[in-house]
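Okay, so chain A shows up in both of these, paired with chain B first and chain C after.
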Partner chain A sequence: MALYSFWIFDRHCNCIFDREWTLKTNPSSGTTNSKLNEDTAKLLYGMVFSLRSISQKLGSKDSFNEIKTIATAKYRAHILCTASGLWFILLSDLKQEDLSQVLRYLYSEIYVKTVVYNWLSPVDFAESANEKRGQGFRKIRNRQFLLAVEQFLGPMVN
Partner chain B sequence: MAIQTILVINKSGGLVYQRDFVPNAPRLSSNEYLILAGTLQGIVAIASQITPKSLQLAGKSSAKGGNEPMGSNSAPLVPYMGTLGATTASGAPLGSFLGPDYFNDAFASWNGRGLKHVTTEQNSLFVYHTLTGIKFVAVSTQPTTNAMAVAVAENLLRKTYCLYADYVMKNPFYEAEMPIKCELFDQHLGALVGQL
Partner chain C sequence: MSASMSGVANASTGSKKSLKAFSDDIWKNKTAKINAELFTLTYGSIVSQLCTDFERDFAKVNNQLYLMGYNIGMRLIEDFLARTALPRCESLAKTSEVVSKCAFKIFLNVTPRVGNWSSSQDSFSLFLDENPLSDFVELPMDAAKELWYSNIICGVLKGALEMVQMDCDVYFTSDVLKGDQTTELRVKLNRILKDEIPAGED
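And then the complex of A and B:
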């Protein structure tokens, strides 16, 4: 099992968390919440957004046809979109066929318990009401969250 | 797994062919299909841009070490799957492709980095690139991430490409890069998908 990176986007199209592993052999390698990744984050957001609107049109009219995975010749992106507008995206190698359970766990057991239940954490990651889409820079820096993500995803990286 | 739609996108991202195979499929207007084709063209390029860093590093180090040759020519081979579309009884003319089926060997995929396959809750979407930049897209009515299904779709789309080469490119009335209105192509594609 190989994981390459993990991303969370909020409903303002901002990347509020990113974690990228660069060495397969070392799960503590790589970057967390790095500024350098922001262009990549925007491209990733755009790709998922466009494919999501395509899938919405292709599906039947009465139900929302949510996107699940995107595969290229080199990697696969697994996507979980929550009703509150959060996107959880996990990039893995092509052998992983379905990581939706992992994403669901990350949302319900880790994000909800360490970020949503945390009174000191902001409810909404936008700085102000008139902030433009994709302009935000506030990230999840909650230590409990970082630790829980590391502990849960670390063993799966290599 | 039934094929819902097959699209052909030319090398500049314009939709040149679109056909539905499922009668009760959700109808998109032709304008929406054009937008879809243009969007896909863009996404193929974006998907190769956001290749994870660890893969980029791995690719570089192996190129330096020279353990495995990297490059578009060494793209992995797609296995040949069964007799998908082996229709014509022996003796029937089959364009320039000899033999009962169009090809019987594993073939290299030219798509080394770009978008290949998308699954949603209801559909999956397969993209096959040709070296000349034409993209063949199939939308199926079932979500699947199975490697076998992807290979089957790739075979189907490569055969579509064979049909395109025979019945579209050899049509003297066809203008390159323009929408495809070739009756023979329609017929043979219908037969090919009907076999699946």
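And then the complex of A and C:
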């Protein structure tokens, strides 16, 4: 089992969390919330956004057709989109068929309990209208959240 | 986990009975509970504190309760979605059902009746036959006219619905505490908000 990276996007299309484990320069320690990842985040958002719209258009009207995974020759992206507009995305190797339970755990046990319940942490990461529509750069810096993500996903990385 | 997953599948197909069974299951197995009286009395002390702070200007108290509710609702919706994994509702009828049978059940263990649909199907009422917030409460004379004691619920609904892109007006139209026959909460859908799209897409 190998996980490559983990991303969260909020309902303003901003990347509010990213964690990458596979950077070539320093393979032992990953990077969290790195500036370098901003472009990658936007591209990833765009990829999921487009494929998601297409999959919804191709589905029949009355049944809900939400995108779950996208696979390429080298990796697979697992996607959880909540009704409130949050996206959780995990990139893994091709051996992982379905990580939806993992994503669900990240959402309900980690994000909700450390970010949403934490009344002093913002629940909306866009500070002004300028930071909406993917223009924002504020990230989750909550230590408990970072720790919990690391503890939960760490053992699955390799 | 498998039980809850099949529940999700049933709930999204929209059958009435399964939505009820689904939320009963969440209430029983997936919800941490606290003593209802502790909650009722805590809420009571907030309202009474606000009445003191605003020098019994009940319009301001209503407003403040609403705002507090709004902030709670914005967060509570994530909790709700994390527990239920429900997708967005395709119609307001479905929304009303999820709110009454699922949301009220999970958070307050009551199931308000839905009724009083407007002819254009864009607003409905929730009749709270029992309201855990207002146990033990009797409004003093000066508050009975203006104060909507449970106004925080309106704010919570407003905030939560807004987070799933439904812009609604939520308000009380009657309350047994004020001597009315029923406690009626009105929800009116103004519009469905659009999801944001990244800059440069339009």
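Following the convention adopted for this analysis, the second predicted complex is superposed on the first by the 148 of 158 C-alpha atoms of A that agree within 3 Å, B and C clash if a C-alpha of one lies under 4 Å from a C-alpha of the other, contacts with A are read in each partner's own complex, and residues count from 1 in each chain.
Assume contacts are C-beta pairs under 8 Å (C-beta built on N, C-alpha and C of every residue); 3 or more make two chains touch, one makes a residue touch a chain.
Since we're looking at a predicted model, the values are computed, not measured.
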Inset, instruction - Give one word, clash or fit, describing how chain B and chain C relate on chain A after superposing. - result: fit
Inset, instruction - Once the two structures are overlaid on A, work out the angle chain B-chain A-chain C from the Cα centres, in steps of 10 degrees. - result: 120
Inset, instruction - Please work out whether A:51 is in contact with chain B alone, chain C alone, both, or neither, and reply first, second, both or neither. - result: first
Legend entry - First, second, both or neither for A:71, with chain B first and chain C second: first
Legend entry - Of chain B and chain C, the chain that contacts the larger number of chain A residues: B
Inset, instruction - Name the contact category of A:13: first (chain B only), second (chain C only), both, or neither. - result: second
Inset, instruction - Tell me which partner A:91 touches in the superposition: chain B (first), chain C (second), both or neither. - result: first
Legend entry - Minimum C-alpha separation between chain B and chain C after superposing on chain A, in Å: 11
Inset, instruction - Overlap the chain B and chain C contact sets on chain A and report the shared residues. - result: 46, 66
Legend entry - Of all residues in chain C, those that touch chain A in their complex: 1, 12, 74-75, 77-79, 81-83, 85-88, 90, 163-165, 195-199
Legend entry - Sites on chain B touched by chain A in the complex: 4-5, 26, 28, 32, 36, 39-40, 42-43, 46-55, 57-58, 75, 109, 111-123, 125, 139, 143, 145-147, 150
Legend entry - chain B contact footprint on chain A (complex, rising order): 4-5, 20-24, 30, 40, 43-44, 46-47, 50-51, 53-55, 57-61, 63, 65-76, 91, 94, 97-98
Legend entry - Interface residues, chain A side, partner chain C - complex: 11-13, 42, 45-46, 49, 62, 64, 66, 82-86, 101, 104, 107-108, 111-112, 116-117, 119, 123-124, 132-135
